[in-house]
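Labels run A, B, C, D, E and F following the written order; every chain starts at residue 1.
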Amino acid sequence: MSEQANRKKFLYVNRRAPYGTIYALESLEVVLIGAAFEQDVSLAFIDDGVYQLVAGQDTAGVGMKNFSKTYRALGDYEVRKLYVERESLAERGLTVEDLMPITYEDEDDDYAEKPSIHLTDRSEMARLIAEQDVILSF
Amino acid sequence: MPTLHTVNKSPYERSSLESCLDHVAEGDSVLMFEDAVVGARRGGKFIATLKAERPSCALYVLGPDLAARGIKPADIAEGISVVDYGGFVDLAVANARVCAWL
Amino acid sequence: MRFGIVVNEGPYTRQASDSAYLFAKAALAKGHEIFRVFFYHDGVNNGTRFTVPPQDDRNLQRLWSELAETHKLDLVVCIAAAQRRGILDANEAKRQGKDGDNIAPGFRISGLGQLIEAGIQADRLVVFGD
Amino acid sequence: MPTLHTVNKSPYERSSLESCLDHVAEGDSVLMFEDAVVGARRGGKFIATLKAERPSCALYVLGPDLAARGIKPADIAEGISVVDYGGFVDLAVANARVCAWL
Amino acid sequence: MSEQANRKKFLYVNRRAPYGTIYALESLEVVLIGAAFEQDVSLAFIDDGVYQLVAGQDTAGVGMKNFSKTYRALGDYEVRKLYVERESLAERGLTVEDLMPITYEDEDDDYAEKPSIHLTDRSEMARLIAEQDVILSF
Amino acid sequence: MRFGIVVNEGPYTRQASDSAYLFAKAALAKGHEIFRVFFYHDGVNNGTRFTVPPQDDRNLQRLWSELAETHKLDLVVCIAAAQRRGILDANEAKRQGKDGDNIAPGFRISGLGQLIEAGIQADRLVVFGD
């Protein structure tokens, strides 16, 4: 019970494309460090933030570090709730097939591989925000 | 418990205010500050967006940021309340969480 | 009530640091507590003592340092963000083999865990950025 | 002599591409780079803005920025040419001036 | 003639509101320094940039330096061509009456006081851009 | 052809410095000349030698310093912008009574006139910013 009392709902809101600004990368650094604190963590990808999860990112030509593989490792850090806004994808001509497959192994279900990405309507996203204790925006 | 949403960029420059308004819940508050205050000016094309149908939320604008940009209280569109930094603090207290739309 | 404050941008170029400072001052004036101010991204640039702003303008580093001293505030500069942007304390300078440091009084360099802790310990976390 | 206009922000986030397109002259070139490249993706709602009637100008997008964001050449809307940094330089040379829409 | 050969048309493009970012102030600093170089200088105020010229700016509450009076001194630096986009004003609910009066003394016309602000249609603004040698954007 | 390049943002946080660097390299590879690279606004933060970016990422300060050395580029940091943001050379440090400096090799601090001069002398001025 005392552990539960210190467990807060953290939402990381990502609204920018990667590489044009550093927010996507430094947001990921917070998420990884934060994982050690065993809070209830969710990530929201809204607006251009959906581009952070697009498959096939290749940064060789811009000379920057490609950190996109880190999203696929989030499951190992117990970060398993990635909410991607359906309307944001559609407006940009993207579908869920354009995104990296991101999964986790469910230890309560014989380590079955399950998807971490949840396609979320805008109205559900509003409800998700309304449930949080702490919202970190990037 | 409702949410305080903060928006600090001009809606004429960025989509963040519009994105914010697309994600409010009934009873939430939205505070426009820094360059976002230009969106509150009467007669501006953004007033229609602010007044569009959605879950009803309270609209606030930060007075010191209005004054810096030469916008007088009489220039503010109806239905938007002016607060100072103390009022910003009170809004953060009165809501359960603060969501910044950066 | 207990606040945590996050500052994501450097001084002068964008208003985030000004807004955060005036919010912090107003919160303290109302008797609230500030658990921590965490400087992330370009926000770490608020913590250099090398700035010399024009005499007729505000000195944001000094305003933060003074507020911290008066109210015993904890001003934390993120170490990872600081390394990318060239903010060093004596310890970091030595560790990285740099020939000097530039951290301002009242600021300390520490890890991202301090941001998460602020989220856990504060009643409200307020983020100021671009 | 025509102008090279550069736009580096996503049209989904900022108004700079729209503002740029409102100020082009016949024969000008527009280069989308950095986050602006997301505006060039086929099927995106911004393609209509790019194709809207205006003084006819040539549209370019920077390949390395497309690749970084996982946008393949096949994903680019018709009528937009992909260039690399060398092509960016050539465009700056071929036009009389460069106007950055920041 | 040799002086003329080194005289270029400089356009400073201002598209942001003052105070939210420093670009308006630091743009003004370039204009003032640039005046000593005796180039053909124009300033364009487009989009939220029109707010830089709005009258009655009062920065006491935000604790920042109020630099708006500097625009009124531009005439003394031979900077006399301030082009303000008509459509940008209208979209924001502003009219030219909301702007500071900015004038210069015309030494070729018995020091008559003349307006520095020129209301400019979007299409004229496009032509102005097309005439420049150097464009500095802020 | 002779280029002038303006960099308005600091390293890492926004892509402007990366884009300007790659543009400069491409221009030089095509045999063009670069009259000057002028660092304004937060762009002055590209010129601190105190940065320690992660080893698996690019080091923008070093890339600029090396490009300047190889091609004899003139990298100018605006003095007024640098004062606000805490970028100092030994001279400025002395003049301002600061106990150290942080300017990186190959960069020099000078006035805004150098930007206007770049506009006059270059055939094309290209601005990279936010």
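Simple rule for what comes next: a contact is a pair of C-beta atoms (placed from the backbone, for glycine too) under 8 Å apart; a residue touches a chain by one contact, two chains touch by 3 or more.
Just so it is clear, the model here is predicted, and its values are computed rather than measured.
**Q** Please give the intersection of the contact partners of subunit B with those of subunit E.
**A** Of all the chains present, those in contact with both subunit B and subunit E are C, D.
**Q** Find out how few touching-chain steps suffice to connect subunit B with subunit F.
**A** Step count on the best path from subunit B to subunit F: 2.
**Q** Touching both subunit B and subunit D: give me those chains, sorted by label.
**A** Of all the chains present, those in contact with both subunit B and subunit D are A, E.
**Q** So which chain is farthest from subunit A, going by the mean of the CA atoms in each chain?
**A** Here the answer is chain E, farthest from subunit A.
**Q** Using the touch rule from the top, work out which pair, D-E or C-E, shares more C-beta pairs.
**A** Between C-E and D-E, contacts are more numerous in D-E.
**Q** From the C-alpha centre of subunit D to that of subunit F, how far is it in Å?
**A** From the centre of subunit D to the centre of subunit F is 26 Å.
**Q** Calculate how many whole Å lie between the centre of subunit E and the centre of subunit F, each centre taken as the average of the chain's C-alpha atoms.
**A** Comparing mean C-alpha positions, subunit F is 27 Å from subunit E.
**Q** For subunit E, what residues touch not just one other chain but two or more?
**A** Residue numbers touching two or more other chains: 15, 19-22, 47, 62, 64, 133-135, 137-138.
**Q** Give the residues of subunit B touching no fewer than two other chains, as numbers and ranges.
**A** Residues 8-9, 12-13, 15-16, 34-35, 64, 84, 97-98, 100, 102 of subunit B touch two or more partner chains.
**Q** Residue numbers in subunit C touching 2 or more other chains?
**A** Residue numbers touching two or more other chains: 8, 12-13, 15, 22, 41, 54, 84, 125, 127, 129.
**Q** Where do chains touch, given as pairs?
**A** A-B, A-C, A-D, A-F, B-C, B-D, B-E, C-E, C-F, D-E, D-F, E-F
**Q** Touching subunit D in the complex: which residues of subunit F?
**A** Answer in residue numbers: 1, 3, 8, 15-16, 19, 22-23, 25-27, 29-30, 32, 124-130.
**Q** Given the complex with subunit F, which residues does subunit A contribute to the contact?
**A** For this pair, the touching residues of subunit A are 19-22, 62-65.
**Q** Hey, which residues of subunit F end up touching subunit A in the complex?
**A** On the subunit F side, the touching residues are 12-15, 18, 21-22, 54, 56-58.
**Q** Residues of subunit B touching subunit A in their complex?
**A** Residue positions touching the partner: 2-3, 15-16, 19, 22-25, 28, 55, 96-102.
**Q** Could you please specify the touching residues of subunit B with respect to subunit D in the complex?
**A** Those in contact with subunit D are residues 12-16.
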